[in-house]
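Structure first, then comments.
Chain IDs A, B and C follow the sequence of writing; residue 1 opens each chain.
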Amino acid sequence: MNGAGARQRRSALMVQLGGLYGLWLREVKRAFRDRGQLIGGVSRPILWVLILGIGLNPYFRGEVYGAATFVVPFTYLQFIFPAVIALNIMFTSVQSAVSVIWDREFGFLREVLVSPLSRTTVLLGKVLGGTTVAVLHGCLVLILARFADVPLTLPDVLKAVGLMALLAFALTSLGVVIANRIRSFEGFGIFSNAVILPLYFTSSSIFPLDPALTRAQTRIVYPEWLVTLVEYNPLTYAVDALRGTLIDYYQFAPWMGIAVMAGAAVVLFGIALYDFHRT
Amino acid sequence: MTRAAMRDVLSFVAVVALLVAVSVLPPDTSLSEVEKSASLKACVPPVYPPLVTGDAALPGLDIELLGAVAQRLGLALVVNENPAIGRDFNPRNWRLSRGQCHVIAGGVVDSVQTRSFLDVSPPYAETGWAVVSPAPIADLAGKTVGVLTLVSGLDRIGLASVLRARGAVARVVPTPDMLAAGIADGTFAAGVTEAMLARKLADEHGWTVAWAPDLAHYRLVFGLWKGDVTLKHAIARAFAGLSADGTLAAILDRYGGVPVAPR
Amino acid sequence: MADPAPAPAAPAIRVDGVSKRYGRTLALDNVSFDVGEREMFALLGPNGAGKTTLLHILCSILRPDSGVALIGGVDVAKHPLAARQLLGIVFQEPSLDDRLTVKENLDLHGLVFGVPRRLRRQRIGEMLALVELADWADKPVRSLSSGMKRRLEIARALIHDSRILLLDEPTVGLDAQTRERIWSHVRQLRAERDITVLVTTHYIEEVEHCDRVCIIDGGKVLALDTPEALKQAHGQTLLRLSPASAADGEAIARRFADRLTGTPGTELTLVSDDALVAAVLAEFGTRIKTLSIEVPSLETVFLSLTGHELRNRAADPREQTRAFGRRGGEHTR
């Protein structure tokens, strides 16, 4: 019973692809069985869209026609809806990267590193798996679209899913890059709280910069340092692109979101690949 | 499929089902409020033909449509006339508030400016700037044009720049009567105003009407307060029913309204 | 890149002059040995002797500073992917995926090693039957005991029809009964399949039934031979006797002073051989209360070669983190 001949018949590329599929499948299966993550993926949109959205909606609606604090063509609930998608994607991507730390030291990654798969394939399997799971979690938020009064058409949804995938890919790669440099779980917790959440909240996710007014007026409404922070934050453009696709409201040029995310994805994946090949 | 995979799919389906259940919760109390009072209140200008005529026999496109919608929802229609709407372009001076009405009608168009303050119903007619004149005018250069801007939400700045680009001289008038008088006695070579009003004037005086060049068309809608999602969904359902059984088309036809062009 | 054809009758594993330095510590110092086809080879040594480092070099996780390691004739450093295809490895810590089932773990391994689907299914069935885990095929790995997990890992290492099995301390942390079961599975595997096994361990009693034992300490190979030959070469037979009276004890001690070893007390220990046993019995037979003969064992071989017992060490940071993760850490798995 010799399988060596059969193996040789399979080309090297097929072996890599088969392994890529196996690693991707593993990530997806693990995510389905991670009850904590599933619950988080559901509770986050419920809490944000349902509670925060309803709770704060009255403060942002007009009571008198013609008089409004912020002149923006949407409701607050519609405004934060794309940001909640980004939130879900962010949390999921980072969590899948945490497992790299465990896998590397004690678990599954060691077994994979002594397999015939190249390092590139292993990393790609991990990142693609994390991306798929994050996009699924992002799509969970889309289910609440009717509640948030965000009308969805098929082309919109497809475009949004594409943007989600791009964002998830970049964030998962970022997570892997950080996880490769952090040796313990506590370090990752520090990173998560000190970097990820501030990054999210300064991405114009829960308050618009209100370019309905002139630029000069924007800087008077919010302090300059905050506006600068928001403008330099790459996540801002990702959230903006999602928002533009879903509620048709862009604060920045539409192409910027795609450009920033694509660039970040390429750069971060490259760094992760370099790290992987070095270990 | 292995048992493990089945369990995975089931847990995901459970999660999705939970979210679907949540999504059908009512996000606000607007519809229940309206149903509790059994009446739908609407703010309209006293007269804005053909949307609001003041004539009991032929009350106006908007009034009839509102009536049909209210009937579908099982509510009584209460019309609040607000004279400020007809007089002033700036909606802030109309001092409309949530307490006075649930719906604003009589010339609300679906534009970015409108959506900055209000939410909108589904559109029912198309409108825009139109030129009304005794005979068709090929070129507006050097001509004096009367401009009547009553419907808020149309792009006045755009109109002004188009007129300027074409070399026309614009004169703003405050009421439809003054515009008609100006055209009749020749002060104005033509009048520019909202299309449905322009068509009305043209029909009355036997003049011609054409869409103003280079300017966008808008869709006529009802204004709803932002955040009244349940009421908006109910009105949308009513609209769908009205177009399905042809009531909408019939009302439009009666007043010469242009149905919404498919996008 | 075609697999380089191995030379005929090449040893399954060849380690030639391999050295590896970590900072100032020399983990491996010019280590050389061969492992023949179908051999059961043991690397015996305490923790920190360099066994795991050597194993990591063999499975191409680490590169040696000098020397060459060949797996099935393939240079691990130059053609790591081809070498890995021939190896099945069971690490010291379990590297199974806790959230997947037994069958999914094996399937994943098959996918990762490029085993086509039908073959994969066939082999998974075979291996599960072989290690007696067929009933647990659809249970999550989380629910298996450590012994079962170890058996699963051994089964997993063979899914891609590997010919050389590397086991790194396979029975650490298991109770005696489970250990024996693991070894019986390994013996059965050797009987049924054409595999070479290299085991690293610090449990002396387990290497008795290996074909050859290599004793390694401080990164150096101290001895390499079959267990019997080692015992004969370095082993000592010890004679432990308790004399009938103190006076008799002194008499024996004086007579065989050159053979005395250990601390003197009520019991005397003499380094012995067959001749000595006969002499002691003949001269002092009636003046001895109890007498026992310890045959050479690898314990004594190790003692005599290294001059000390197998060392123990406190938990290192990795073990601490692992324990932390075991307790539930933060999103650990």
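Assume contacts are C-beta pairs under 8 Å (C-beta built on N, C-alpha and C of every residue); 3 or more make two chains touch, one makes a residue touch a chain.
Everything quoted here is computed from the prediction, not taken from an experiment.
Leaving out only subunit C, the chains are still linked to one another by touching in one piece.
When every chain is represented by the mean of its C-alpha atoms, the one lying closest to the mean of all protein C-alpha atoms is A. Chain centre most remote from that of subunit B: C (centre = mean of CA atoms). Should one ask which of A-C and B-C has more C-beta pairs in contact, the pair is A-C.
Note on chain placement: the centre of subunit A and the centre of subunit B lie 39 Å apart, centres being C-alpha means.
Centre-to-centre spacing of subunit A and subunit C amounts to 46 Å, using the average Cα coordinate of each chain. Centroid to centroid, with C-alpha atoms defining each point, subunit B and subunit C lie 85 Å apart. Shared interface positions of subunit A, defined as residues touching 2 or more other chains, are 29, 33.
Annotation for subunit C: residues 100, 104 touch two or more other chains.
Chain contacts: subunit B has residues 4 touching two or more partner chains.
Subunit A makes touch with subunit C in their complex at residues 1-4, 6-8, 10, 12, 14-15, 18-19, 21-23, 25-26, 29-30, 33-34, 36, 95, 98-99, 102, 105-108, 110-118, 184-186, 188-189. Within the complex formed with subunit B, the subunit A residues making contact are 29, 32-33, 35, 38, 41-42, 45-46, 50, 53-54, 57-58, 60-68, 71-75, 77, 136, 140, 143-149, 212. Interface of subunit C with subunit A (complex): residues 1, 3, 59-61, 81-82, 84-85, 87, 89, 91, 93-97, 99-100, 104, 107-116, 119, 160-161, 318, 321-322, 324-325, 329-333. Of all residues in subunit B, those touching subunit A in their complex are 4-5, 8-9, 11-12, 15-16, 18-20, 22-25, 27-28, 90-98, 104, 112, 115-119, 223, 225-227, 229, 232. Interface residues of subunit C, counted against subunit B in their complex, comprise 100-101, 103-104, 138, 140.
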